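Two complexes follow with subunit A in common, the first pairing it with subunit B and the second with subunit C.
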Partner chain A sequence: MSDANMEEKVEQATSSKTISLPISRVRLIMKSSPDVSCINQDALFLTTKATELFVQHLALSSFKNGSGKETNTLSYSDLANVAEETETFQFLTDILPKKILAREYLKSLEEMKKEDGNL
Partner chain B sequence: MAERPEDLNLPNAVITRIIKEALPDGVNVSKEARRAISQAASVFVLYATSCANNFAMKAKRKTLNAGDVMAAMEEMEFERFLQPLCEALEAYKKGQKGKKAASEQKRKDKKKSETDENDKSRDEEEDEHMDEEQDGENEGEEEDVEN
Partner chain C sequence: NLTILKLMDGDGSTTDASQLGITGEYMTGGHFVLQAQDDEGEEGLNDHDDGNGSKDNFREQDIFLPIAKVARIMKNAVPQTGKIAKDAKECVQECVSEFISFITSEARERCHQEKRKTINGEDILFAMSTLGFDMYVEPLKHYLQKFREAMKGEKGISAVTVSEGMGEELADDTFTNQLPAGIITADGQQQNVMVYTTSYQQIPGVQQLQFS
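== the complex of A and B ==
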């Protein structure tokens, strides 16, 4: 890759002016919401940009609060933890459930049954 | 309307790149984590859309506008995004204005860029050649060691 090409890429990555996610795809997702009829161009651009900021914010917060700092890794459990602990990410708890062992799940199921029995 | 459920996913390559840019160099992101972030992003779009739509409905408008999206960000407690979003929108609007003037210029440039692309593909071919040559050398070295 030539130097000029490289510079262009770096510039694109660092400038906050451009967007890298495809606007058409974001519009498709927005339109899949049943109440939405029309979206103006600026609103579409802003949502796309906001989604990029959100991805960065989510990744960085998960990494900072995560357990993988020493090993330089970001794992699923870091994301699930941050979704549970951070208020602004609470809306993600449904799609980012914490993983538990089957053994623990069966145990909690057993306990729930017992409680039901007691009632 | 989306035909398939995959149509509501954002492209993985782009999401991966955005994650890489956000994290310090050399951080490994597990496949599961990447997929989860991508899904989270789709849910974020839906959540933001529904919030913004509420503001539009309150104002009895049918079209979502920039103000609705900004209000939605505040409601979702992503105030930290407001400032960068404002800046990005301003730059975008400027770009849109300049686009009309630029599009004619582009048409003129098109012929030029076509020849540029031809150059590029030739470069890539050369790169491949180099790789092959290097592989050949390495094999040679291994043989030497064995002997």
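== the complex of A and C ==
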């Protein structure tokens, strides 16, 4: 059964308005893990579906957790914060480093240099 | 205390901190990514290449799901009036690949421990549970059932149940009813072999196969 065929079946089965993610790409990502050779159809389907749930889960948690200001926008830092604060999402902390503006960093760099100079 | 500093330039490329002459002793603790400018999310960051086709150096960790689809799922998940910054979409794109790899390696572990070569549905569900995503398991089982029902209708083929522990390769003429669903093998070719499952259902009239 081709991927396209399978994706069609997935849409039929779930009959949901959610977007069906490309199975072939999911498989590609799975196979980039070391020592993975064979993946059966169920596993592929479950992973694809789980990924969808994951996106929803991550987006909603971050949005709710976020700023609380009236920006109503999900930002990168909302995601970084939720990764740090929620146990389930802690595996993401390495790829979600917190950002600071370059000028702020360079400023603190200057300050550190000054401190060193005073020693 | 390892610190990773990535400088993000206006065009989305990154520069090594070392190129700015920043040495180790000036690095602050913790992880930081520097932004060259105020990032409102609309400018400065390249969209990840959906097709991965135009990247010259194709790294495994650069494989992502299409950003438009990811973004759509996010949009549907948050309240209707909510907006999503562009860098948040790209970030979730990366998180998704990380998630898939995370689940896969755990599933593969279990598979390996049980001396099997093919990752099956149970391995995935088990991995979810182990890694803190057990809230997904019940909904996933539900979807899986629907999926299998949809698959069953394919050319009137019935599912055959087998118990665990069987060898991976089976001769084509071993069974009278064959599920043409393919197993994805390492060389990317699909082969018409049996789909291995733990017993979800029994089909009357089809011979139960037992492997010790």
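The rule is simple: the second predicted complex is superposed on the first by the 79 of 119 C-alpha atoms of A that agree within 3 Å, B and C clash if a C-alpha of one lies under 4 Å from a C-alpha of the other, contacts with A are read in each partner's own complex, and residues count from 1 in each chain.
FYI, a residue touches a chain if its C-beta (ideal position, glycine included) is under 8 Å from a C-beta of that chain, and two chains touch if they have at least 3 such contacts.
On a predicted model such as this, the values are computed, not experimentally measured, just so you know.
Once the two structures are superposed, subunit B and subunit C can be ranked by residues of subunit A touched, with C on top. Looking at the shared chain after the overlay, A:Thr73 reaches both subunit B and subunit C. Looking at the shared chain after the overlay, A:Lys114 reaches neither subunit B nor subunit C. Within the superposed three-chain model, A:Ala102 lies in touch with subunit C and out of touch with subunit B [touch as defined at top]. Within the superposed three-chain model, A:Pro22 lies in touch with subunit B and with subunit C [touch as defined at top].
Within the superposed three-chain model, A:Thr47 lies in touch with subunit B and with subunit C [touch as defined at top]. Subunit A uses residues 13, 17, 19, 21-22, 25-26, 28-33, 35-43, 45-47, 49-60, 62-63, 72-76, 78-79, 87-88, 91-92, 95-96 to touch subunit B in one structure and subunit C in the other.
Across the interface of their complex, subunit A is touched by residues 4, 6-7, 22, 26, 28, 30-39, 41, 60-61, 63-66, 69-70, 72-74, 76-79, 81-85, 87-88, 91-92, 94-105, 107-108, 112, 117-121, 123-125, 128, 131-133, 136, 139-140, 143-144, 146-151, 154, 168, 180-186, 190, 195-197 of subunit C.
Across the interface of their complex, subunit C is touched by residues 1, 9-10, 12-15, 17-19, 21-22, 25-47, 49-60, 62-63, 72-76, 78-79, 87-88, 91-102, 105, 108-109, 112-113 of subunit A. Residue ranges on subunit B touching subunit A, taken from their complex, read 1-2, 7-8, 10-11, 14-15, 17-19, 21-24, 26-30, 32-33, 36-37, 39-50, 52-53, 57, 62-66, 68-70, 73, 76-78, 80-81, 84-85, 87-89, 91-93, 95-96, 123. Subunit A makes touch with subunit B in their complex at residues 2, 13, 16-17, 19-22, 25-26, 28-33, 35-43, 45-47, 49-60, 62-63, 68, 72-76, 78-80, 83, 87-88, 91-92, 95-96.
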